[in-house]
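To start, the structure itself, in structure tokens.
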Amino acid sequence: MSDDIRLDLEREARIGIAEAVFSAGKSTDQLARIIALDPARRRLFTRLAPEQVAALPTEAAERLCYDPLSRTAVMGGELPCLDPARVAIVAAGTSDLPIVAEIERTLAFHGENATHFLDCGVAGLWRLLEQQAAIGRHPVVIAVAGMEGALFSVLGGLVRGVLIAVPCAIGYGVADGGRAALHSALASCAPGITVVNIANGYGAACAALRVLGALDFRG
Amino acid sequence: MSDDIRLDLEREARIGIAEAVFSAGKSTDQLARIIALDPARRRLFTRLAPEQVAALPTEAAERLCYDPLSRTAVMGGELPCLDPARVAIVAAGTSDLPIVAEIERTLAFHGENATHFLDCGVAGLWRLLEQQAAIGRHPVVIAVAGMEGALFSVLGGLVRGVLIAVPCAIGYGVADGGRAALHSALASCAPGITVVNIANGYGAACAALRVLGALDFRG
Amino acid sequence: MSDDIRLDLEREARIGIAEAVFSAGKSTDQLARIIALDPARRRLFTRLAPEQVAALPTEAAERLCYDPLSRTAVMGGELPCLDPARVAIVAAGTSDLPIVAEIERTLAFHGENATHFLDCGVAGLWRLLEQQAAIGRHPVVIAVAGMEGALFSVLGGLVRGVLIAVPCAIGYGVADGGRAALHSALASCAPGITVVNIANGYGAACAALRVLGALDFRG
Amino acid sequence: MSDDIRLDLEREARIGIAEAVFSAGKSTDQLARIIALDPARRRLFTRLAPEQVAALPTEAAERLCYDPLSRTAVMGGELPCLDPARVAIVAAGTSDLPIVAEIERTLAFHGENATHFLDCGVAGLWRLLEQQAAIGRHPVVIAVAGMEGALFSVLGGLVRGVLIAVPCAIGYGVADGGRAALHSALASCAPGITVVNIANGYGAACAALRVLGALDFRG
Amino acid sequence: MSDDIRLDLEREARIGIAEAVFSAGKSTDQLARIIALDPARRRLFTRLAPEQVAALPTEAAERLCYDPLSRTAVMGGELPCLDPARVAIVAAGTSDLPIVAEIERTLAFHGENATHFLDCGVAGLWRLLEQQAAIGRHPVVIAVAGMEGALFSVLGGLVRGVLIAVPCAIGYGVADGGRAALHSALASCAPGITVVNIANGYGAACAALRVLGALDFRG
Amino acid sequence: MSDDIRLDLEREARIGIAEAVFSAGKSTDQLARIIALDPARRRLFTRLAPEQVAALPTEAAERLCYDPLSRTAVMGGELPCLDPARVAIVAAGTSDLPIVAEIERTLAFHGENATHFLDCGVAGLWRLLEQQAAIGRHPVVIAVAGMEGALFSVLGGLVRGVLIAVPCAIGYGVADGGRAALHSALASCAPGITVVNIANGYGAACAALRVLGALDFRG
Amino acid sequence: MSDDIRLDLEREARIGIAEAVFSAGKSTDQLARIIALDPARRRLFTRLAPEQVAALPTEAAERLCYDPLSRTAVMGGELPCLDPARVAIVAAGTSDLPIVAEIERTLAFHGENATHFLDCGVAGLWRLLEQQAAIGRHPVVIAVAGMEGALFSVLGGLVRGVLIAVPCAIGYGVADGGRAALHSALASCAPGITVVNIANGYGAACAALRVLGALDFRG
Amino acid sequence: MSDDIRLDLEREARIGIAEAVFSAGKSTDQLARIIALDPARRRLFTRLAPEQVAALPTEAAERLCYDPLSRTAVMGGELPCLDPARVAIVAAGTSDLPIVAEIERTLAFHGENATHFLDCGVAGLWRLLEQQAAIGRHPVVIAVAGMEGALFSVLGGLVRGVLIAVPCAIGYGVADGGRAALHSALASCAPGITVVNIANGYGAACAALRVLGALDFRG
């Protein structure tokens, strides 16, 4: 079966965000053909496993700037990022780092910096409270948490910025798969929290870009 | 048992959104005491059933401006809303109107106008496409849909503004309760859609207020 | 069909907690026969609806001290409660009051006082923090919360006493039925929180009684 | 334990579709015996993993025409397929290709051609709209999509042919396992969409064959 | 809030099926306005409760031909139906009659007859087997069953026509809500069964109309 | 940590069924100690993986009569089985053979024969109907089926013997894990079917032994 | 729509159990026609609500011997029941009485007595242990329990007879709907327990009748 | 991305329990840095896989006292444990040993002994009853059980101490993942049982420590 890959090349012009290549489940051949398609164009790959990169022909692999922690690759070079960062990423624990990294890489691909605040889990509330002012200086806050996701509600009562929750599949038993954290975010008693799919760091970054786009348009 | 109601009166100063009174399940006595607590203060009540209002003492009921469609009440007078509206509300069908109304009342309570675009379900795609430009002029778009929630993804590929999805419990069988629409919104192939709890019009409006707050701060 | 009711009269001697009559779904006839069974004995009824009490023969109803908020009834008189209270009940919002009342009535039936701290939801964190020292003076803390149940984790990081979480069915959408709060309590990042069934105020009070029994035995 | 394999050899005469061998979980020995059973008969194997084929005795393996993408094998030779194709296969993304291939192989086994339209995800709606006329020329349309499955509803409002939805397990979080796409297809606001099990390309092709059989019978 | 109802009037020209008015949850005012919108046009209402009809102004109610069993109403007159029927409706038990009626009314609205075969549950298999030939004479078969839905698979092995399964919420315990029957239909071992949402008689009829449309086009 | 294994050696005297060793998750050391515990005693091991047997010390492994298809081992020799068989095992497809084998091995361990009837899936109903009389001669019938489990209901309407359903995890999508077949068995429209856990061939055999024990006691 | 009711009148001859009329959801007209169908024949109605009986024409209602506790009706007279009872019904609590009554009425319809043992919940284990010998004298034991269903496993380790578990929807929170008790019965560590659907007293009685039929056949 | 690990070092002073390092998903580098952070401090690691330990640099690995059964490691030396033990651990079967070991190691890290009672599954009730007195001498009882978790309710009716249930993922089918045991514990008919997450031995030990802390404070 021949398959004619048709990327949505006009997406960036239309909605301000370029189409990323969701790489999970794609074969070596498919990935190589996508890389070859339009080599001068800047492009972001998400959910790209180290084994997939290792299996690529050298010529294709060399075009990618790959980061194993976030499982993302960038093709066509980085953009300079503006300072100071307009996005704060607040994470509950060290296990959330791969998602934090996916957010940062997606933002950087679009030329946005981020400041991260790690180990802010609410079991040691002081760690979050002592960063409250620094976090609050960013117009957009992305919160990353697994287990019971209590961080989302606590943050929602403390900061006035846009707040995007990324529930994660950290934990076991009823936390397995991330549903407990997802439902915590959706059912939060704090007003105005919005939510993306479990572990969807890419989506959270895109949502932040939509807000920053509105800021730029107005500013 | 005596119960001492403690409202979070400083919430508006802290995060820009006043505490609303979630009225579902509250007794007549509790509602009357909340109304009497600080009668000069403006206050929003959500999920307030007509039977609850009918049961209130006349003095308390007269303080409320009640809207049965949205099940909201406002105490202490309306604010003037600025024009043109900065929020577009796009709804799939007529059954979504109570949620649309809850969003509008919450925005109006905080002095924000909204434009609504109804009957935009994707089974008749032209209805959405002919409004695409008008919708796209708003920095924030709130989409309301039940059943399978395909509207969220289609909108996500058409507009560049901030996009907040409100899944609804319209439908039966696997759509019952709103989970099908919720999961559609979360799993969307369109980038940067954020989601609130099923039927949470209040929460979507608050999320929009957080974005508008960031715009105002910058602007 | 004749049915010979066999209560577990020795339960109190065996485990320190008397058998309570779970009244949901019981017919008027069954309730009347239980009340007549051993009228001198003190007895607690839970989940007893006002309609069930109204349907009882006068003679039976007069033996009950009924409280509609907690849906409990006591037969055979109250016990004096010792001061100061050894149990703190911390609740997120006003909607949790029926569960708080069920806990208090169950404790009082066994001669234990409780102090309650209401409206401690984490969206207004100061309300909890300003009560932290007072709560911490009790060897047993029972936390009651619906929606996303973030209160459990925040409390778990602040107090050193025994902490029992009672998730509630407050909320809608993914919070409907109480599963979101239940899973938050079970998946909490704070160590040593124990959990009872959704809305099981009676069970939480019994768990507290087991702890207090151990304290008395030692002391 | 001896096991006497009894295939349903008359199924094709009875309902127009030959029994296919569902190979997942079958042992090498069972597969070899099925291949040997009636070697002149044409037969289709589905869900046959490359490792299963590799483990077969050479004599058995040589009888199979195996396709690893679709995980199907055909025994007894191909049929010529009639032109023009009467089935259109519309897929949302490249990750759906294994299911597309299973559909095509099942149709081809029964002598039917198909035209495929790939990368039609609704986030880039133009890709679908520019193919609308070409798709609409087929009496049967099979739509393949994972994630939120919005493609089903959009197509349902655009084409008048028979529309069969195949939800796929593409995606993560709430999309994991394919339930989000399945529920989208079932709850669709577009009228007359029918659905098969998650990833059941074989079943969708059989459903198409039932329609084409009715066409042939009439025609 | 004013709401401007926008029906998809061109749907019939586009896909061969007119837009039906899904009436569940619509207010009296909304229904009356839809009835008044274009009174000469033929229109189908589904999920319309007797209480909704009773609440309509007389003028509006008189325009409707209402059937309480199927909860459907037709406006603008019936079409003559062609003989012989091209659709067979096979139902497991008497409790499925409301769904059978919804299917028949939807087909009749579009000018199609149906033959029904009731009480064909597989626990008394002879009832189905003795009708096998008569059922098989129809190019389209719609099967309606609740509980465990075994009827779908048995029929799928007996008839060669297009087979559309409508799972129903008949039963209790694990059958409650219709999920057991739905999953039976989707997971069937018989090839080529397609499925619509639980209790979606309207959708099954529309799917049949798509097939009949293809037959007419070809014939 | 020392652990003192305490088998329930009197179980056979008490309820007529010996304790079997559920081996899944047990370490090599634990298994070796159980084998050494009372080597003369006959004992049945279930859910014992080939890798577990391979890891045992030779002396321990030699005491076991291991069957990899059923993942069972017998220690202490086989019993002679009486003829004719009093249990019929009816299976839908070849993929159910491991469960069929677990049933047969458990019955044989207790001295009972079984007759099996394979490939009786209802999509080819004639295969079941032509065996109806032979199956019906057994006082106990165990039915094994995955996917949608329609076999259970069809059998339940055809035979008068005791009918025990064993749902299996054969299939994918909504059939994954065996819930669809389990719910079909529980929700069956045929009267008097009893059910055991998914894939619990051991439990079904034990249930049959309870019936046969009652027969022996009476006879 | 005319509907021709076709009862499965030969079911008793075929499998030893007469078809019962599942009355939930049936209209007054349907019930009246079933009663009139063959008035001399004995017939059992299950799930028949008091309101349904009250709505029947007098002539029809007088033919029924109705029992509101079990929601069953018998038409055509009772059979004498043999002594001593061959079925023991063991129930955890008073709330299980409606199910106990449905079992007894179904058995009595077929001429079988039952002995019941009530209030045997395991929280007061002595109540069960002191009845152990009396229960054990019956060849068939039906256990009825809601909440966590621990009764099933304890009984399974104590008695050697056939053991049929009927999980009930007694309880709230995670016990709501009966899933917790159902899963306890299916996952039991005690061997040879079989299970019927939640609250399916009729089905449990039919399963007992199948066993007693085998006993009679042998005896 | 640099990440600055911030442990909650004051947690022990605040709530009496030191922060443990949840090691699942942590990289070699992260673990090595945590070990190096403050090498003199005593620290507990949970959910630490043997492969993670094997991958550590020798210097780091040598600082850990690792136990593969419980998957825990202790750094900084053991504490002497007081006699007699104040915690009883009661387990249903041998498969629960890893959880039992995690409980013991967590208690020992805080200087508490435990007595364990293994193989107490209720299918052989005598094994539990003969230990009843010995178990009852401990002020805190932790019960560990998978499958249907009936042990929790039986124990709850026999002992008066604090009772903490740890449901486990032992079993298959509906027991898979541990939900059946979890729901049994939560829905128990025995009063005052508290529950922790599935397989959360660490959490159960911490809950016991909270009780013992209250005892020490009082004593």
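Chains: A, B, C, D, E, F, G and H, in written order; residue numbering restarts at 1 for each.
One rule holds in what follows: a contact is a pair of C-beta atoms (placed from the backbone, for glycine too) under 8 Å apart; a residue touches a chain by one contact, two chains touch by 3 or more.
Predicted, not measured: the structure shown is a model, and the values here were computed from it.
Participant: What are the mutual neighbours of chain E and chain F in this structure?
Facilitator: Expected: D, G.
Participant: Quick check: superposing chain A onto chain H on C-alpha atoms, how many degrees is the rotation, to the nearest 5?
Facilitator: The rotation relating chain A to chain H comes to 90 degrees.
Participant: So which of A-H, A-B or E-F matches A-D, with over half of the contact pairs the same residue numbers?
Facilitator: Among A-H, A-B or E-F, the interface that shares over half of its contact pairs with A-D is A-H.
Participant: Approximately how many whole Å separate the CA-defined centres of chain A and chain F?
Facilitator: 49
Participant: Chain B to chain H: how many Å between their CA centres?
Facilitator: Centre separation, chain B to chain H: 45 Å.
Participant: Taking the mean of the CA coordinates per chain, how far is chain A from chain G in Å?
Facilitator: 56
Participant: Can you give the whole-Å distance between the Cα centres of chain D and chain F?
Facilitator: 35
Participant: Find every residue in chain C that makes contact with two or more other chains and list them.
Facilitator: 8, 11, 93, 121, 123-124, 156-158, 173-175, 182, 186-187, 191, 197-198, 200 - these are the residues of chain C that touch more than one other chain.
Participant: What are all the touching pairs of chains?
Facilitator: The complete list of chain pairs in contact reads A-B, A-C, A-D, A-H, B-C, B-D, B-E, C-G, C-H, D-E, D-F, E-F, E-G, F-G, F-H, G-H.
Participant: Under the definition above, what is the set of chain C residues touching chain G in their complex?
Facilitator: 1, 3-8, 10-11, 19, 22, 24-26, 30, 47, 177-178, 182, 197-200
Participant: For chain H, which residues count as touching chain F in their complex?
Facilitator: So the residues of chain H in touch with chain F come to 69, 93-95, 97, 100-101, 104, 116, 118-119, 121, 123-124, 126-127, 170, 172-176.
Participant: Within their complex, state which residues of chain H touch chain C.
Facilitator: Chain H residues touching chain C: 8, 11, 14-17, 20, 139-140, 156-164, 182, 186-187, 191-198, 200, 202-203, 206-211, 213-215, 217-219.
Participant: Provide the residue numbers of chain B that touch chain D in the complex, in ascending order.
Facilitator: 92-93, 121-125, 147-150, 152-154, 156-158, 171, 173-175, 179-191
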